[in-house]
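Two complexes come next, and they have one chain in common, chain A, joined by chain B in the first and chain C in the second.
Presenting the complex of A and B:
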């Protein structure tokens, strides 16, 4: 009997979303990287994380790479683009945190405008841990960057109305719906956001991320189920491209933050952090992520190589 | 292929004796087809019919074994393509590749690396399970010398002999037969000799061909010899094609129900990339989808920490969440006056909480009572996380002897427990912590200032 290869053909397709002017993500009609089954859509995009303030909590080895530019988000963004060629820059407003510097939305908007005016790649704007403050920051930043098609990461259950109305409806940017590793919550939030009047191809989703080893099975399973529902059952509320802020999680776990004095047997802290970041990124890409946010240049290089090999 | 109820009915004695517990043979046949009952329940079935049934009702992917004694492992036996459909059962095992043309320094370095990576993560010992030996010199003595050296120095590893030369293979296998080696290298030319060798020593046999079609034909031939302890390799040595092989071999078994590909697979990541971080990327992919042995060039903690952790997560049974051992955990350089937090024994919660405590850089203690392995709110709702279970843990782990502090920080979501706990623990003050772990670092920084 000759070998017959099985295929899985699906009726559903992930929306294609354009970020900025020409960064397209999504569009696939098969499981991640299953080019043997059909159209894998656009290549997953890779972005680099920068902060509006000095990232004191970053490990020294990572800070060293950016030490000459880290005081100025514009310089920092340009440095990343010139040296590492990311598809987008993720500008995180950590400085807006009310428990920290508590920067005003107006200040944040000015920083965002400055960065946007000086770079040639799209931006993903991320907020701080406080969702109320994040909504206020997003409103001002979205206004300053009106109709840019930039992604705002993210709208959560408690602020989606404010974020959706400002980012999506008033100022023509893309809303990212963030839920916490639960298919039903993800679906519900997507529906709520579309009910505000936001078109499905003007949104992306962050189904919740963690680092490998830290409940990552829930992340993978939630993403698998989201993708299967979108493709197999043609569930249009879940046919939304997924963006995963890998670096937000992978750089805060023990494996990445324990110094070489803390854990001498573990060897280079920088390598460990990069390893956790790469594994987490590949894990979510294999489960359907259409974009990932990374911090370390080496991770960017390796993950890009991985994506290229899997898609070309 | 699986049989349907009517096909099974034809194999039954058709006596309607009811001794199987079902009213008729047809009813029994239907249950058998659904896999809800064992064929053994029928006392009158012929041996031939039993064999036919066993074949038809066997799982689509075979479970095979390698190794010996404390270091024996099972591979395969998977029944689903996604862990949420049921669970994945046999985790992939990691190998480090040696060659008999490597310099002694290089061999020594890998031996040291294998022995250095050995640690415990949530009740699981993490180490490289396999040393793979590729015979490239075609010099039997050099090859055996290498195997001997590594086996003597790495007490935990199971050898994987890689050669297509049956004579060298026989000598190598003899050298390490007591460790239950894997024999890899059966191809279209040598498979008869290799199968005989594997059969003789009851070894897991790695079968290789170029492309899935040739591999399929070769496996059919080997199955005809009656040997079924197999490990498959469709020969791809670039990432994209190897992924195609892993996914499609697994799907052929589980979706098409074709047992010719119902065996575990091996991914030679060491041949797909040179850079260790790129190897880590490839290996991560194959842990998730769907290799059973993953061969790396080398190992160190920057690869092992993410890879082993990833494997531990993916192979957790969704019906049985991971639990952390109950006890009192020291985080950082905590002393008897450091803050004491309590949370549940659900591993994910513990990890998130301990991670945030670590990030705060405030040395602390985390007390883990028996909370049924649930998350905070679920454990509270189920009555598993309350004054009693927390007071029990305080006593059981002798917290009052170990620490001077008499303040206990509880998760903000269960603030209602404050009075209950204070009733159960006379002399203690309960402090309501944050609702989310993410805001713990700030809380702890301020908390420390409040007491000192």
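Presenting the complex of A and C:
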């Protein structure tokens, strides 16, 4: 008798969310890359991180790649798109941080508008460390980019009402719900955001990210359990695509920031940083991430190859 | 494991409002009760038209249609002893939202309801009874087995049977409560699904404590394996206890707002 491969069927399905005009993520009804079980939905998307200000804290080797464009977010975004072809650009408003440049929401909105007007890929807008300021920035930026279907990363427990009302309800963009590696809080925040009146297919989630080696097992088990609840238990509150800002985490750990003078035995700093970024990205993709944000062009290339080989 | 299944009991011919509405073919009171129960979170709605000897074959399709036109996402549980009425109801039933449930077969005169369920790919409630209330659990399990045998002959998968061990009233049959729970456990251990009418348990008790008795019995029965119940979904205590029991059974993931879902 011919062998019939058993397949695992689930009752749930992840929502398909459109970012911008035509970047679709989610839509799968099986575990990540389990094409032998069923529909794996859309290919995970890869975005590149840029800042609204000169990224002083970035390692020199990374800065060198972008050195001619980092003083202008529009040029920087175009440079990334022309050379590395990312699915989206993540514009991070590090300059809004009250402990730093403390740029006003209005200034941020102008930058965002400029970038959006000059690029042909969708944007993911990220805030700064301060959630109160981030909410104010998002309100102005979402207004400037009304109904663009761009993702705002992110709404957290302390600012979800303000962010949800402005980004999702008033200005027609997509809210990302961010929790910090806490399964039950991830679900709770999704519930609270939908209770504001935001439709589940107008949301994505960031369940919390860390770099490999930094509590990464918790990130992966949290993501796994979110996906299993969504698929096996048909939990509609968790059938939300996941976006993971990998580069935010992987480029701030000591493996990526220690210079070759600090740790000569560790070898090339650039290689280490890229290694951390790729390992983290592949880990979260295998745990169900529908989009990742990366910084280094080499990481983009390797992760894209990985995704293509797993999906084609 | 699947969530606990609730079947709302409030469209019942024993209610004067519903009896009148059924007689006069007046949809309003029936749709109102359906909406209340759906809003309260009932998964299925029971539709009890009584014996309906005279006009059941016409009445059941009518009530199925008015309910499904208005609430296409809520499946129904067709409840009458009149087999022809059941068949007529199933024929017009739209199963987009889920298979119809037949309420109910037993091991006695209503054993043929099992064949009806098999013929129309429906779910059937199997009362573990023949005449009146079973004497003890030996009888319950015997009747359960008889229904199961008939189902196998007819080609009805055991997944499609909800065995009802017959819940009994606490006021008067207090000494039988543990036995009923034990029956739920035994049937569940056979890998079978179960159900029961929760209001049976609190029948005749003061109104203000009925919900408490039903909720407590239900929680205890869920621990014994009960997979569904016929309930009054408007009783928030009962609904909240069911959600909480499902939570403790790890049938879904906890969140602070779980009662609001």
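Note that in this section the second predicted complex is superposed on the first by the 306 of 312 C-alpha atoms of A that agree within 3 Å, B and C clash if a C-alpha of one lies under 4 Å from a C-alpha of the other, contacts with A are read in each partner's own complex, and residues count from 1 in each chain.
FYI, a residue touches a chain if its C-beta (ideal position, glycine included) is under 8 Å from a C-beta of that chain, and two chains touch if they have at least 3 such contacts.
No experiment lies behind these values; they were computed from the predicted model shown.
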Task: Using the overlay on chain A, decide if chain B and chain C clash or can fit next to each other.
output: fit
- request: Examine A:225 and indicate which partner it touches, taking first as chain B and second as chain C; both and neither are also allowed.
  value: both
Query: Given the superposition on chain A, what is the angle at the CA centre of chain A with arms to the CA centres of chain B and chain C, as a multiple of 10 degrees?
result: 80
- prompt: Should A:4 be classified as contacting the first partner (chain B), the second (chain C), both, or neither?
  reply: first
- prompt: Which partner reaches more residues of chain A, chain B or chain C?
  reply: B
- prompt: Where does A:233 make contact in the superposed view: on chain B (first), on chain C (second), on both, or on neither?
  reply: second
- request: Please state the minimum Cα-Cα separation between chain B and chain C in the superposed model, rounded to the nearest whole Å.
  value: 13
- request: Could you give the residue numbers on chain A that contact chain B in one complex and chain C in the other?
  value: 225
Message: Residue numbers of chain A touching chain C in their complex, please.
response: 183-185, 187-188, 191-192, 195, 225, 229, 233, 235, 237-238
- request: Could you pull out which chain B residues touch chain A in their complex?
  value: 82-84, 116, 121, 212-213, 216-217, 220, 238-240, 243-244, 247-248, 251-252, 255-256, 258, 260, 275, 277-278, 280-282, 284-285, 288-289, 300-303, 305-307, 309-310, 312-314, 316, 318, 347-348, 351-352, 354-355, 358-359, 438-439, 442
Query: Which of the residues in chain A end up touching chain B in this complex?
result: 1-6, 8, 33-36, 57, 99, 129, 212-218, 220-221, 224-225, 228, 252-255, 257, 265-268, 271-272, 274-276, 278-280, 282-283, 286-287, 298-299, 302-303, 305-306, 309-310, 312
- line: The residues of chain C that touch chain A in their complex are 3, 251-257, 260-261
